[in-house]
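All chains are identified by letter, namely A, B, C and D, in their written order; residue positions are counted from 1 within each chain.
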Amino acid sequence: MTPDVFLFWFLALLIVGSGLAVLLFTNPVYSALSLAMTMVGVAAIFITLNAYFIAGVQLIVYAGAVMVLFVMVIMLFDIKSEVQAFTSGKISGAMKLIAVGLLSGLIVGGIIMGQKSFVGELSKDAAAQVAEANSAKMKRAAGADAATKELGVALFTKHIFGFEALGVLLTAIAVGTVALARSRGGTHAK
Amino acid sequence: MPSSSFLTDISLNHYLILSSVLFVIGMAGVLLRRNVIVILMSLELMLNAVNISFIAFSKFTQNVDGQIMVFFVMTIAAAEAAVGLALAVAIFKRFKEVNIKFFEHLRG
Amino acid sequence: MGHDSFEITINCIKLVLIFLMMVQAVPILVWVERRGSAFIQNRFGPNRVGPLGLLQLLADAVKFLTKEDFAPDRAIRPLFYAAPVFALIPATLAFAAIPMSVPLEIGEYVFKIQGYDMNVGIVFILGVSSLAAYTILMAGWGSASKFSLLGALRASAQVISYELALGLSIVGVILLFGTFNLTEMVIAQQGPLTFRAFGHTISSQFLPNWGIFYQPLAAVIFFAATFAESNRLPFDLAEGEAEIVAGFHTEYGGFKMLMFFIGEYGHMMLGSALMIIFFFGGYGIPGVTVADVRQWAAGITDSATQISVITTLVHFLSFMLKFVLFLWIFIWVRWTLPRFRYDQLMDLGWKTMLPWALGNTILTALVIYLIS
Amino acid sequence: MDHSVLMAILLLSPFIGFLINGVRYKQPTYKLSGGIATAAVFISFICSVLLFSDLVGLPADQRKIHVKFFEWLSVDKFKVDAAFYVDQISGIMILIITGVGSLIHLFSTEYMHHDKGVTKYFSYLNLFVFNMLILVLGDSLLTMFVGWEGVGLCSYLLIGFWFTDKEKAAAGMKAFITNRVGDAAFLLGMFILFSTFGTLNIQEINSLAPTAVETSWLGALTLGTMFLFVGATGKSAQIPLYVWLPDAMAGPTPVSALIHAATMVTAGIYMIVRLNPIFIVAPNTMMVIAIIGALTALMAASIGITQWDIKKVLAYSTVSQLGYMFLAVGVGAFGAGLFHVMTHAFFKALMFLGSGSVIHAMHEEQDIRKMGGLKKYMPITHWTFFLGWLAIIGIPPFAGFFSKDEILWMSFHSPMGSPVLWAVGALSAGMTAFYMTRLMCLTFWGKSRVPKSVHPHESPAMMTIPLVVLAFLSVVGGWIGIPEVIGHTFGHIPNYLGDWLAPVIRPIPNLAPADHSLEWGLMGASFGIASISAFVAYHFYVKSPEIPGKIAASIKPVYELVFKKYLVDELYFKTIINPLVEISRKIWFYIDVNFIDKLTYIIADLIKGGGGVTRSLQTGNVQVYAMYIAIGLVVALSIIIIK
């Protein structure tokens, strides 16, 4: 077992475990902290996939900012443990569980069955590429730096419209959030 | 497929399955949890799951566009979290409650 | 496989060494701080245990270790106990990415005096250090105390706010050196101060080629923001004694308290190190390049290994000198400046530093675009 | 000035007046409102005069001013322009409308001064003038129809002007509904003409009109003109659709003068005159028109003898005179018909305004049994009314004599006419003389029967000036159409009107040369009948007032029948309105309530029930909605994988 393989399984277990913890903890604080853990794990997975820059951004944006916000809000609300963490209703609950289970089964099944089609072709190519990447292991560092540059170039040329649109979106969001935060409970306010 | 190669050969499928499992966990959270904030967190989980598959595709197709999409998804996720939390705070201020059961004012 | 396992072993050893170094530096820093504060405040400070009170470190360590380990009755124990442990992680992880000297070459092996070398080092350091907010929040929440929670909320809000200014001030530096890699940054800062514009080159014999001469505004903002990031005066609202006792670590005592100390000093060290690398030439020596040093070492000995060792040691010394200087500035500021009010803190972060950092970024980008 | 500008001002001036008064309709400022309205119509009058003088300046065969503003409708080959034209016929009409109109506006200013809705009244009046001008000037039947409907609307609004009185509101409704019947026929006529000629443009229709006479009863032209004539009977109050006009006297008296005497009710005659080339080739229609006109003249005159309400008498007189006009056009004497339209406009407007003056003086009293001897109280009104009386009963040389005599002569002389028609016409002329004299006697002469509480007085100048002007016109108005026989006898006085209209009127085919001695004889006969009737009436109602009562008692059944207007209204109610109401009620109950309503209720219940079922899906719980999405995802994925 190579370190890469070990790393993948370790991180996969970490991610799935902490993801389940988000779902299962009845205390929202624990859920939030588990989610933060998941985020860090995902960042690590990004690193194993050579997406260094995205990994760093994942840490800064998700783990560093978004999740901190979540935790702060939960702490502000002062909710310790919930009496009813999960939805009641046997039929709807069962339906939800069935839907979720079927969905996971379908996706995983689809991925495995789909090897012959798109994903399969991709895997063959990917195998060759992985081999190539392994042989050129020493060059990986330089390649990664170039990847960051390539990322920037693509972002500001090919995807410039999306970038600008996101800028507009963020501005709108900032204004809206401030407006919401300043309100005293929405339209019901006196 | 033989289990030994499944354990040792990490292919695109492994990442995709990891991604889908995480996605489904997030979805279960959205469907089953009652706390508005936990639901928002589960949404973040789903977005992260999608990000994993984006990055995996990006790596295995040697295409940087996948990373760009992740960049966009992150931005939108951050925005969504900001608005969602602001709403949650506003609702909490008003009702002193974050249980989603209490917000069924649009019941038909 | 064999090569990989050797690499992994060396890396682990390096990480352990760096961690130990950080942990060991803390008692010294505590002593410096206590003596320094006494010096600044015209007192004696600890001077009974050992020469100059140096053994006070040991006495403190013993005291911390032997104190009763207690938790408040209604504390949330998992969080309460986990928080101090987590406090060490971000600073250590980030500090491991700091290049402290030129690589050591022994035979065919090249050892980087650095926990690990990452091409996107800066992004990684920022990302990891932003995790510090969790420590504070966990501690504040887990203590089940009003003061703790208030302190934690203050601290995390402050950290998030100043992260923006911090990150934006670094963007100028990144644009200037054209890399995320810390080592490359250090290399770029060697030699005399040299401006290249429109095909002309202007160089100064007296000044080193340091970032501070290109990015003075970024340096000021970055330095101020590191104070806020490490929750030190004048930004230590999280533990404003007059208002909330001791902030998020009100309920902590003994060894757990010490771990928070280590975390805080770790951040301080990280800030100092980054300050040096971005703006003060890293391990470089003013007026002398690495090649000069190597040539000088070759005059002493013939062994390539010895030359390498000497070169590495000299640069490490240079790094340490600067490092200690900045740490002293941290302590100096702490005992000199008063604390901000909370609204002033937020105003400074959002309304002053953020716009200036933004302006600096735009200006830098513009200038680089125009002269290249 | 450019003709299009003149035309625009002519048309828009009353419309702008309507808008101004319309937006300030609650203001009770009678002087300002009346001033605006009168000025608006007077400006139109000036434009009419200018246009008319331009028309006179043109050579006789090119007398036409055509102005096209824009293309109004364009559907395939069907094109209608917003275009208007003035020719010999419409030139006379616009002078009458705006001239008499402005006098009546002036009169109204004083007459309506006590009314709270005075501004609203003037805005309606201006709107009427605008629509009437469109009717008269429109160059296509559709444009004319717009005006036709517009004046109907204004008529309705003004008859029901005091709508708080239920009877008056009902009178307005009656006028409107009766007119609808006529309008429907008018539309049918338009359709037939369009399918025949492929155009609705009046000039084109006239130029396309065949020269051959159509003898079939079911020919396109006969049917088309017949329908148009039915439309005209509605607007111009002929048998069988005349019933609304006497009731229309519920409106303010100046309105009766303007709309229900001088202008709107003559629209039917005007329409026929304007389309004379196609009417002349449909002799069957012409015959029907002549017979209907003669019968209407006789019947209305006979009813007029028995009425006690001053305005009702004048209303039946109007119906009778309109019958005369139809008699004229029915025998092909279009020029005589138009001539009578003009003279009638003068003297009937005069008499209505005079009656208005009397009513005003009598404090809204309209019953002539409570009047009498008003001569000494209101001299100007009396003398002007007197001149109008002379004009209507046909005393030479007053206006009515010439026009009425020409009609009677033509009804005898024209190949489409007959001695019977002449006899009926002469008889109704005699009746006219009788009841007008009766009105004169009972109102102004003889002993005063005015109640003690009422103190009659002469009306102010604003009301008397229009009376004087109209009286003058009633005296001299007929001189422009002096018949050839008289002109020939008294030197060479030309028949200005006849010459003027000649280019646009098709001559009556096979018209024999006039026998002057016969014409003199007939003229003498009709004059004799009229004067004898007048004398008898004077004797009955001034000298020995008890005789009429005795006569009435001796022929009681006949008198009752006539007094009750031949029970036409009752007949209509019994045969048309009541069955219609009954059938409608049945239809309402069986089709509307039991079928359509039930159907909609069933549909509504179905939707409601379905909504109730689907409503349970709308739990308001976000998570359930998310579950639907998940289920959808599962289904979609299964389909993809199975494929």
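One rule holds for everything that comes next: a residue touches a chain if its C-beta (ideal position, glycine included) is under 8 Å from a C-beta of that chain, and two chains touch if they have at least 3 such contacts.
As the structure is a prediction and not an experimental result, all values here were calculated from the model.
Asks: Shared touching chains for chain B and chain C?
Replies: Common contact partners of chain B and chain C, which must touch each of the two, are A.
Asks: A-C versus A-B: which interface comes out with more C-beta contact pairs?
Replies: Counting C-beta pairs in contact, A-B comes out ahead.
Asks: Using Cα averages as centroids, what's the distance between chain A and chain C in whole Å?
Replies: 29
Asks: What whole-Å value do you get for the distance between chain C and chain D if each is reduced to the mean of its CA atoms?
Replies: Distance between chain centres, rounded to whole Å: 104 Å.
Asks: Need the CA-centroid distance for the pair chain A / chain B, whole Å please.
Replies: 6
Asks: Using mean C-alpha positions as chain centres, tell me how far chain B is from chain D in Å, no decimals.
Replies: 81
Asks: Spell out, as numbers or ranges, the residues of chain B touching 2 or more other chains.
Replies: 27, 31-32, 101
Asks: Among the residues of chain D, which ones contact at least 2 other chains?
Replies: Within chain D, residues 623, 627, 630 contact more than one other chain.
Asks: According to the definition of touch, which chains form touching pairs?
Replies: After working through each pair, the chains in contact turn out to be A-B, A-C, A-D, B-D.
Asks: Considering only the defined contacts, which chain A positions touch chain B in the complex?
Replies: 1-2, 4-5, 8-9, 12, 15-16, 19-20, 22-23, 28, 31-32, 35, 38-39, 42, 45-46, 49-51, 53-54, 57-58, 61-62, 65-67, 69-70, 73-74, 76-77, 79, 82, 84-87, 93, 96-97, 99-100, 103-104, 107-108, 111-112, 115, 119, 122-123, 125-127, 129-130, 147, 150-151, 154-155, 158-159, 162, 166, 169-170, 173-174, 176-177, 180-181, 183-186, 188-189
Asks: Going by the contact rule set out above, which residues of chain A touch chain D in the complex?
Replies: Touch residues, chain A against chain D: 87, 92, 95-96, 99-100, 102-103, 106-107, 109-110, 113.
Asks: List the residues on chain A that touch chain C in their complex, please.
Replies: It comes out as residues 2-3, 29-30, 33, 36, 40, 43, 52-53, 55-60, 63-65, 67-69, 71-72, 75-76, 141, 144-145, 148.
Asks: Which part of chain D faces chain A closely enough to touch in the complex?
Replies: 623-624, 627, 630-631, 633-634, 637-638, 640-641
Asks: Where on chain C is chain A touching in the complex?
Replies: 1, 4, 8, 76, 78-79, 117-120, 123-124, 126-128, 130-131, 133-134, 137-138, 140-141, 149, 152-153, 156-157, 159-160, 163, 167, 179-181
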